[in-house]
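Got a structure for you, written out below as structure tokens; questions coming shortly.
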Amino acid sequence: MQNFLSVHDVPDINRLIDSALAYKANPLKDNTLGAGKRIGLLFLNPSLRTRLSTQVAARNLGMEAIVFNVDKEGWALEFEEGAIMSGSTVEHVKDAAPVLGQYFDVLCIRTFPSLKNREDDYSELYIKQFVKHAGVPVVSLESATLHPLQSLTDLITIREAYTAARKPKIVLTWAPHVKPLPQCVANSFAQWVNAWGEADFVITHPEDYELSEEFTKGARITHDQDEALKDADFVYVKNWSTFNDYGKIYSNDPDWMLTEEKLQLTNKARVMHCLPVRRNVELSDEILDSPASLVTREAGNRVWAAQAVLAEILKGA
Amino acid sequence: MQNFLSVHDVPDINRLIDSALAYKANPLKDNTLGAGKRIGLLFLNPSLRTRLSTQVAARNLGMEAIVFNVDKEGWALEFEEGAIMSGSTVEHVKDAAPVLGQYFDVLCIRTFPSLKNREDDYSELYIKQFVKHAGVPVVSLESATLHPLQSLTDLITIREAYTAARKPKIVLTWAPHVKPLPQCVANSFAQWVNAWGEADFVITHPEDYELSEEFTKGARITHDQDEALKDADFVYVKNWSTFNDYGKIYSNDPDWMLTEEKLQLTNKARVMHCLPVRRNVELSDEILDSPASLVTREAGNRVWAAQAVLAEILKGA
Amino acid sequence: MQNFLSVHDVPDINRLIDSALAYKANPLKDNTLGAGKRIGLLFLNPSLRTRLSTQVAARNLGMEAIVFNVDKEGWALEFEEGAIMSGSTVEHVKDAAPVLGQYFDVLCIRTFPSLKNREDDYSELYIKQFVKHAGVPVVSLESATLHPLQSLTDLITIREAYTAARKPKIVLTWAPHVKPLPQCVANSFAQWVNAWGEADFVITHPEDYELSEEFTKGARITHDQDEALKDADFVYVKNWSTFNDYGKIYSNDPDWMLTEEKLQLTNKARVMHCLPVRRNVELSDEILDSPASLVTREAGNRVWAAQAVLAEILKGA
């Protein structure tokens, strides 16, 4: 693997999941693979799980990890080609990325969408500019439209928790929230589950919350949450803002919050969420505090997802 | 030791002091005790000495230390049970703590009081929620009402500096300040000196600055600073805001600032302060720059206090 | 070497450059020199290259590096002797520095000028107070008037890129910018090139942008940029604010921006800049994206400069 920006960088999803689960069983089995290698974790936006789990993963592989909060400890980067930089941006990615590529063997980057201009966000300009100019492998810690380390973690968790012989039914359901959120986690989950191909996959959301077909193609989509939940084995709960009329909150109907009662419709489904979760807005206490919830295990698996990806990058480099 | 939140977690204060002094004499004597262990330092508030000395202590024991500024690098946590999270908090401690407990073998946490609601602060809700949900040992880097690593350091410094046979006279004196400060350092110092039991302990402060009896019980309390200072061997200087009418500044009488002249009343007392200190407001230059001051040595001893505590936690885990 | 604050701390510039180039050829050749030593990187101001390259350098020497953003993770420091600290500063350098000196074997500090009071800035009060009170070697990561790690890097890059037998002609040219910037990089570059003595050195800037003679003495100074550029082998581009009427922007004439056309006047000069650079304000895209630009190599060399300096400090300690 040269970079890790989306599922398209992964030659074999199940093999990557196998690798992650092997690290979970034996975290230090490759603890010299990254000896003498240095990983830079660049944050243009806040992060808890991604930040910490990737540091832990790197160190499990014997790599040195250095964190840099670009905006807070450095300054605002410019991404526009040909910009006359007389405004608030202080350094162009064309200058910063090759410098960082000299300091690090692998660059990991988190950068959020603006949610203002869909074309800009969906062009993935920021992370692509890093790839173009860094000269070393780049790993997405969530970009404008995707969150591949989260999706890999989600599939690891599903494979770990599911034991039946038939294909699991997986439902991705929209949930209410107080702020307009990126589509990244939902896009990425849809993209990975579709590429994986080993599930009966349904997406449910209110009208006007369609995601991009680029990622959802292959899934069944319905506006009837109850119908979607029927016989589900996994319910993945996530809010996102509108894609068509970009970055808006249309409806915020609290009836879309998953409750214990709705969960009765499922096949004793396990409930997933990428965290952070707004309790009693996105997801009720009664579910999060019940054995149905996989959210803590899911977050713990972030370490093994990152470790499997970094190991592939190290081997491919 | 399972957690380190207050003196109540310490089976034997003098043994812990002995351990710290042994580390001071030989910092690397247990430098593989923490091998393969990872410590997370979570800051919900600023810190200089605590942050750096705890990192140094962890590394002296061979542990990996990862710092995370929760609010600045992550987001605001919710602590209220059952909260409907439609406000400014983004993640509940019930979700964050068990995740962090999967990433780290020990969690160290700094969290300040609001100084707005005494009952809330004195319930120590924040750190207790971490203990409840993290599933790994928790070490206080200062909480809403106590600062046990500071108090351990203070007793280490007193034991180190005191050579006479009789019990030392220790005076905790209130000092002026420009901002309402927590009672943590004063509460904790009082709690530890009382539990230690090897001193003649006097607390002096202006009227209305009573501390909670929970911590001061066992000490003599007086509003007459001059009388308190008489024959003191150690003078511990600290400001705190009011406890009864909570979090206020009543008087800010500059006469309460310790000066060279006042120090003449003592038995050539050594002067202590936890730092940071507002020079010439809390404590005069003439004292801080004189041989009477122990503040630098005291801050240096923070490393050995943290190292002794982490070693106990590692052995108890 | 005891400290590294300016070229005056360097007994032999060429020997230090040799050492840096030897580390570039073999980064890990002294990877136990700093074993068991701890370096503290204190930032009172933002930093990208300096922060990361110094961490990498320290680790190449086997040292532990701990970063501390003083203002953001701690609080504002006071530097004035005798200050009555009733304002916004929370801790005096007289108290902070000796504490930090107990935690670290070497202290590296970045602190910018105010650009408000020239006498204060040019007294280098901040970094000198650290030197006075820390009790351990201090390395400047850029101070109020100088940036010696940058200048060492610049000479390393010039020595590396230059192969002719005759002395190179080096031109330091002022460039436009949107904000009043420190004189540090220009002062320091002038100081080092003059001390090195192996170049024909010309400084060019608009009227009123004179730098302090303390640093420029030995260089030829002209207001005619075209004349200065004639036959140059290296053009060092940098903005600075006024020194005489301190910290102002007088003219901001865009004609001073280096272009491909102006570069025709030179002897196929290589173009240097310390970064970050405001593209198309300070320096044009056409130059930065051309083979004439050395800026990325220059930034990469920051690692070897820092490594050579830290190695000297370790050997001298």
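Read from first to last, the chains carry the letters A, B and C; within each, the first residue is number 1.
What we mean here is this: a contact is a pair of C-beta atoms (placed from the backbone, for glycine too) under 8 Å apart; a residue touches a chain by one contact, two chains touch by 3 or more.
What you see is a predicted model; the values in this text were computed from it and never measured.
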Rotation angle (°) superposing Cα atoms of subunit A on subunit C, nearest 5: 120
Classification of the subunit B:subunit C interface as same or different, half of numbers criterion: different
Centre-to-centre distance between subunit C and subunit B (centres being mean Cα positions), rounded to whole Å: 39
Where subunit C touches two or more other chains at once, by residue number: 72
Residues on subunit B engaged by subunit A in the complex (per definition of touch): 36, 38, 40, 64, 66, 68, 70, 72-75, 78, 82-87, 90-92, 94-96, 98-100, 102-103
Complex contacts: residues of subunit B adjacent to subunit C: 28, 43, 46-49, 51-53, 55-56, 59, 69, 72, 178, 275-281, 285, 288-289, 295-296, 299-300, 303
